[in-house]
Amino acid sequence: MAILVGAETRLLVQGLTGSEGRFHGLRNRAYGTRLVAGVTPGKGGQDVEGVPIFDTVAAAVAATDANTAMVFVPAPFAADAMYEAIAAGIRTVVCITEGVPAHEMLDLYAHVRARGVTLIGPNCPGVLSPGKANVGIIPAEIFREGSVGLVSRSGTLTYQIGHELTQLGLGNSTIVGIGGDPIVGSSFIDILARFEADEQTEQVVMVGEIGGDEEEKAAAFIEAEMSKPVVAYIAGFTAPPGKTMGHAGAIISGSSGTAQAKKEALEARGIRVGTTPTETAELVAELARG
Amino acid sequence: MAILVGAETRLLVQGLTGSEGRFHGLRNRAYGTRLVAGVTPGKGGQDVEGVPIFDTVAAAVAATDANTAMVFVPAPFAADAMYEAIAAGIRTVVCITEGVPAHEMLDLYAHVRARGVTLIGPNCPGVLSPGKANVGIIPAEIFREGSVGLVSRSGTLTYQIGHELTQLGLGNSTIVGIGGDPIVGSSFIDILARFEADEQTEQVVMVGEIGGDEEEKAAAFIEAEMSKPVVAYIAGFTAPPGKTMGHAGAIISGSSGTAQAKKEALEARGIRVGTTPTETAELVAELARG
Amino acid sequence: MDLYEFQGKELFRSFGIPVSEGRLATSPLEAREAATALGCPVVVKAQVLVGGRGKAGGIKLAATPAEAEERAREILGMDIRGHTVHRVWVERASEIAREYYLSITFDRSAKKPLFMFTTEGGVDIEEVAATKPDALVRLHVDPLEGYRPWQGRHLVYGAGVSDAAERRQIEEIVGRLYETFERCEAMLCEINPLVVTTDGDVRALDAKVTVDDNALFRQPEIAEMRDLAAADPLEALAREKGVTYVKLDGEVGVLGNGAGLTMATVDVVTFVGGRPANFCDLGGGGDAQGVVDALEVITSDPQVRAIFFNIFGGITRCDEVARGILQALEQLELELPIVVRLDGTNAAEGRRILEEAARPNVYAEATMLDGARRAVELAGAAS
Amino acid sequence: MDLYEFQGKELFRSFGIPVSEGRLATSPLEAREAATALGCPVVVKAQVLVGGRGKAGGIKLAATPAEAEERAREILGMDIRGHTVHRVWVERASEIAREYYLSITFDRSAKKPLFMFTTEGGVDIEEVAATKPDALVRLHVDPLEGYRPWQGRHLVYGAGVSDAAERRQIEEIVGRLYETFERCEAMLCEINPLVVTTDGDVRALDAKVTVDDNALFRQPEIAEMRDLAAADPLEALAREKGVTYVKLDGEVGVLGNGAGLTMATVDVVTFVGGRPANFCDLGGGGDAQGVVDALEVITSDPQVRAIFFNIFGGITRCDEVARGILQALEQLELELPIVVRLDGTNAAEGRRILEEAARPNVYAEATMLDGARRAVELAGAAS
């Protein structure tokens, strides 16, 4: 089945007429994703290689039954585009745009949660279910279909790990880049819960990095709620201590946020942690061999 | 059982140390309502005739398990007091205060609905379940216990109708003054639904007035959802046409808002309408005789 | 509180919504001077708080200052649906290409602000809503979240505005109208018509703004406009005294506590054959001084022959009301017959106070219906 | 973007949060003049973007202007945890009765702003949080609803502030701090300590403010402060070029695309025995010019002996990166060995471009691990 995107995805791209939106939107279509509409205010009636453009998401949804929106709108306008998509009935929003202000994301997060809408990103590479659909900028050619779920805060690191898995003959159910911004629409736990419920997924790789305490929270969730094995990778073991001045962050999370602290928290819950992408892929392969 | 307030009510009064709050709060207690706390910032530790005063609602709830708040706080601070009560876990809020700005009520309404909290008022006389509890300023001595539910947009008109019912030997399950402001926490329909579900209530009187289209909406609800008989009264048959200039209001509701139009809408749904309080009480008595 | 067109436009201008340049005039000569200053042609518009000015002849075009003076002379003093015209707004005439309609108001059912926009403006908008519902685009705003730019796009594209420059201007106006609505705590901000000039400029040709009375305490600039709005001297006195008062056309002065009960009392007075002289609501509190003030307002109307005092105490205490009546009798030297019906909070005490005072022109009645009958009877006898 | 104490206090003052009067000084003489103007005693405080200034001797009291000059001479040029002191803030000393702690920050887990307040301020606040959790009052704000006054009361009563005048002042400050946080789009506004003077005045004695970099495009006043913040010349160059760059202490220049991959590359370079010279993230786009700019920044560090270019294309296209490398080789006349590993979007095309150019100092590697090994090897050979 995979998660989040698949054969049932009817994709609408906000910003399809921009250069990035066009490049990746058409690439997603070439992969097999059903790209049904683009939205650019003022360009309604035009088309991008046969994909009809609408002025508003409401008009696009009415005409095409789109159910998933991918956002390539520039950062100052991205949140507004997402509110529009949600108001028009879109239930899954994937925001690729980088640089969306954090205070806008606070509001948007409260908005999507109150409405039960799924938001992936912003500042994320998107979601790829190999063999089914690709929504975002993940280079699909390096992944093959399989049973490993992959969830990551980092874009390019996701590709690296996926690539290493492929080299070892392993495939993926779905690859989800949740984005590394302070406030993103979906957390590790949100995605882990979906993988746990997904029939195709047999094991999961979680790719984290220094800062925050999302990995520590995920560790507790994995121990308490997951039956499927999870392997973790954390980037930043050799990063110098941050310059952060305030005490508030550390008080809230009760965590130092270093890679070593995260590794220890995960291992204390019985979760194996790789220190390089290569080692991580080997741990997964070991598990897959049983 | 009655609705909204009863033997299980543990009442907290915000503004108990003010003259109105004290007068009516103690009157409610004298009637038998369990008045457990008062809240006035800066007066924590004092007491009003044995009722302990707290600085915050959170402290009051922690100490007394209050579950219902009555608000006597002056209008500019009333909404803030209600947010505080809700944040502290209070599930039923009755706001007597008059003059709460409508834009604040817009926000508060969205807030209470999202949290499933019951708000009665503002600018309302409160809720009385005769023989059980009185929360508000309704003069309880004119009502007796019985099977007639009463819901009203107007305070003093409620007393008038209740008084006339009592003269005819009829009693009430609960009397609810929902308040006449543009935005109130509970509508006719909200209260009618509770009366329909209440075992003690056998019939209902709905007291409306000119303006808006709440009565018309209630009429549709009564026809579709209620098994218990409802008698309505509308005040303002001889009111001169309003001075309202804009078209927007009339377009939204599709109703002229006159008493005559409301009467017709109700009667078209088979609901009997009295044109004076006395006539209304007589209609109820007729129904009660069967 | 309803604002006059010129006040609404002043507000619009301060929030960046384009309006035509204009001046207020209270005399034909001032209108002429305004027209000269502004440059002709101008439009002379009656300033009244009632709809249908145009049909009533309250809006006229003038090609020269002299003509503006003449038109103002015709309009000033006119009665438009019961409202006397004391002021005209003289404004530079616009060359109009198209007329739209835009408003934001409280949707009381949804408990949310509601935008309405249509390109079929200018004419009877209720007619458009009834006959071409699809032409009227409606959109709710979540009050906690406020306005977002996509909502402006939704309105202009939804209504089919085809010109890009026009869309940009209207989207801007939509955002600013919401800002006006929210910052001024309005219940209604309506622009009808929102015009597109032959030069392609979009501007508000009329302005209907209603501000929440409950918010005036923190809207001092708008509250100041209120004084200008009080046309009727009796209503001005009532406002000064903090009494809710509406003048009617009969002989029985009605005073109740609470809008609902007072309305019901006016109804009952009418149903038993009387003609109410007013609607006067003592309001929530009602201390002795409030009663004195209300009686002062009611009795300032020379048509009043008898007064019906219908009180059902809740937060209002009947003993206080009784004391207020006695105080008013002395202070105002009232000799009109006053029928008093007291029930509710401290009613027994209130009745006892009146009984003990034993004033010859104070009549106690036990019920609302009997009180109304007695007051109508006394008013008839007095006239 | 982190603000210096003096910048944070300037912001606080503009939002009505009381701070002590003070002046910035970049030389001992300026510090003396500031002390004379302000009136002694004063406090001389090192302006660095790092905690623990006090313990490091970066905050000193001065009883006279001469003493202020002397203290400034001691502090200016100091190294505090790797940060050189270029400026001091001279501020009138406060007679302190009590020290509290107040902050508002992003709670990333709850996805809401979080207030924290305690009367146990001044000292190590993390210690207080760990050992006396009940002394630290925490309260989330709903971002859509914003701050409401009861929340200020909740903090002051919850923390047990017993003096009424103090409570009033702190409640006011709490509201204004939220306004600062929201209007400036801050990620953190921290006051530690918030002091009560012996006269009963409450004021912010320190200010730690972090503003969202993504919001700087619409915060021009704060963005302007940034230029002042760039102490390190290499980091200033990186900012000018729009490159994310952190200087480290080794010989292998690291350039990756995306923070995660770049961090992992730094890790791998370390694990195979090398010492990374920097962390340099090409970011999301990465056109040819971006590559040139990044290489310019990296090679401005004279410690660099070899560069490892680790690219996994997504939105970044490997052919563009390859073109950028060739362009940089020409423009910057680079002769350092550059190890390049390309994968992902248009990787084949990128590898072909580099292969065809056949530059002697460009080494292609197929994997991240091999690339790191080769770069470490080349850096060792070069030194």
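A few comments on the model shown:
Order of writing sets the labels: A, B, C and D. Residues in every chain begin at 1.
Keep in mind that, in the parts below, a contact is a pair of C-beta atoms (placed from the backbone, for glycine too) under 8 Å apart; a residue touches a chain by one contact, two chains touch by 3 or more.
Computed from a prediction, not measured in an experiment: that's the story for all the values here.
A straight line joining the Cα centres of chain C and chain D is 56 Å long. Rounded to whole angstrom, the centroid-to-centroid distance between chain B and chain C, based on C-alpha atoms, equals 27 Å. With each centre defined as the average position of its C-alpha atoms, the distance from chain A to chain B rounds to 49 Å. For chain D, residues touching at least two other chains, in rising order: 144-145. Multi-chain contact residues, meaning those touching two or more other chains, occur in chain A at positions 107, 111. Taken chain by chain, the contacts fit none of the simple shapes, being neither an open path, a ring, a star, nor a full set of pairwise contacts. All chain pairs in contact, by the document's touch criterion: A-C, A-D, B-C, B-D, C-D. By the touch rule above, chain D contacts chain C in their complex via residues 144-145. Chain B meets chain D in the complex at residues 41-42, 44, 55-59, 77, 80-81, 83-84, 87, 107, 111. Interface residues of chain C, counted against chain A in their complex, comprise 145, 148-150, 153-154, 157-158, 164, 167. By the touch criterion stated above, chain D contacts chain A in their complex at residues 2, 49-51, 103-109, 111-114, 116, 125-126, 129, 136, 142-144, 182, 185, 187-188, 190, 192, 208, 210, 212, 214-215, 217-218, 246, 248, 256-261, 263-264, 266-268, 270-271, 276, 279, 283-284, 311-316, 343-345, 367-369. Chain A meets chain D in the complex at residues 20, 24, 75-76, 96, 98-103, 106-107, 109-111, 113, 123, 125, 137-139, 142, 152-160, 163, 180, 182-183, 207, 209-210, 212-214, 217, 235-240, 243-254, 275-278.
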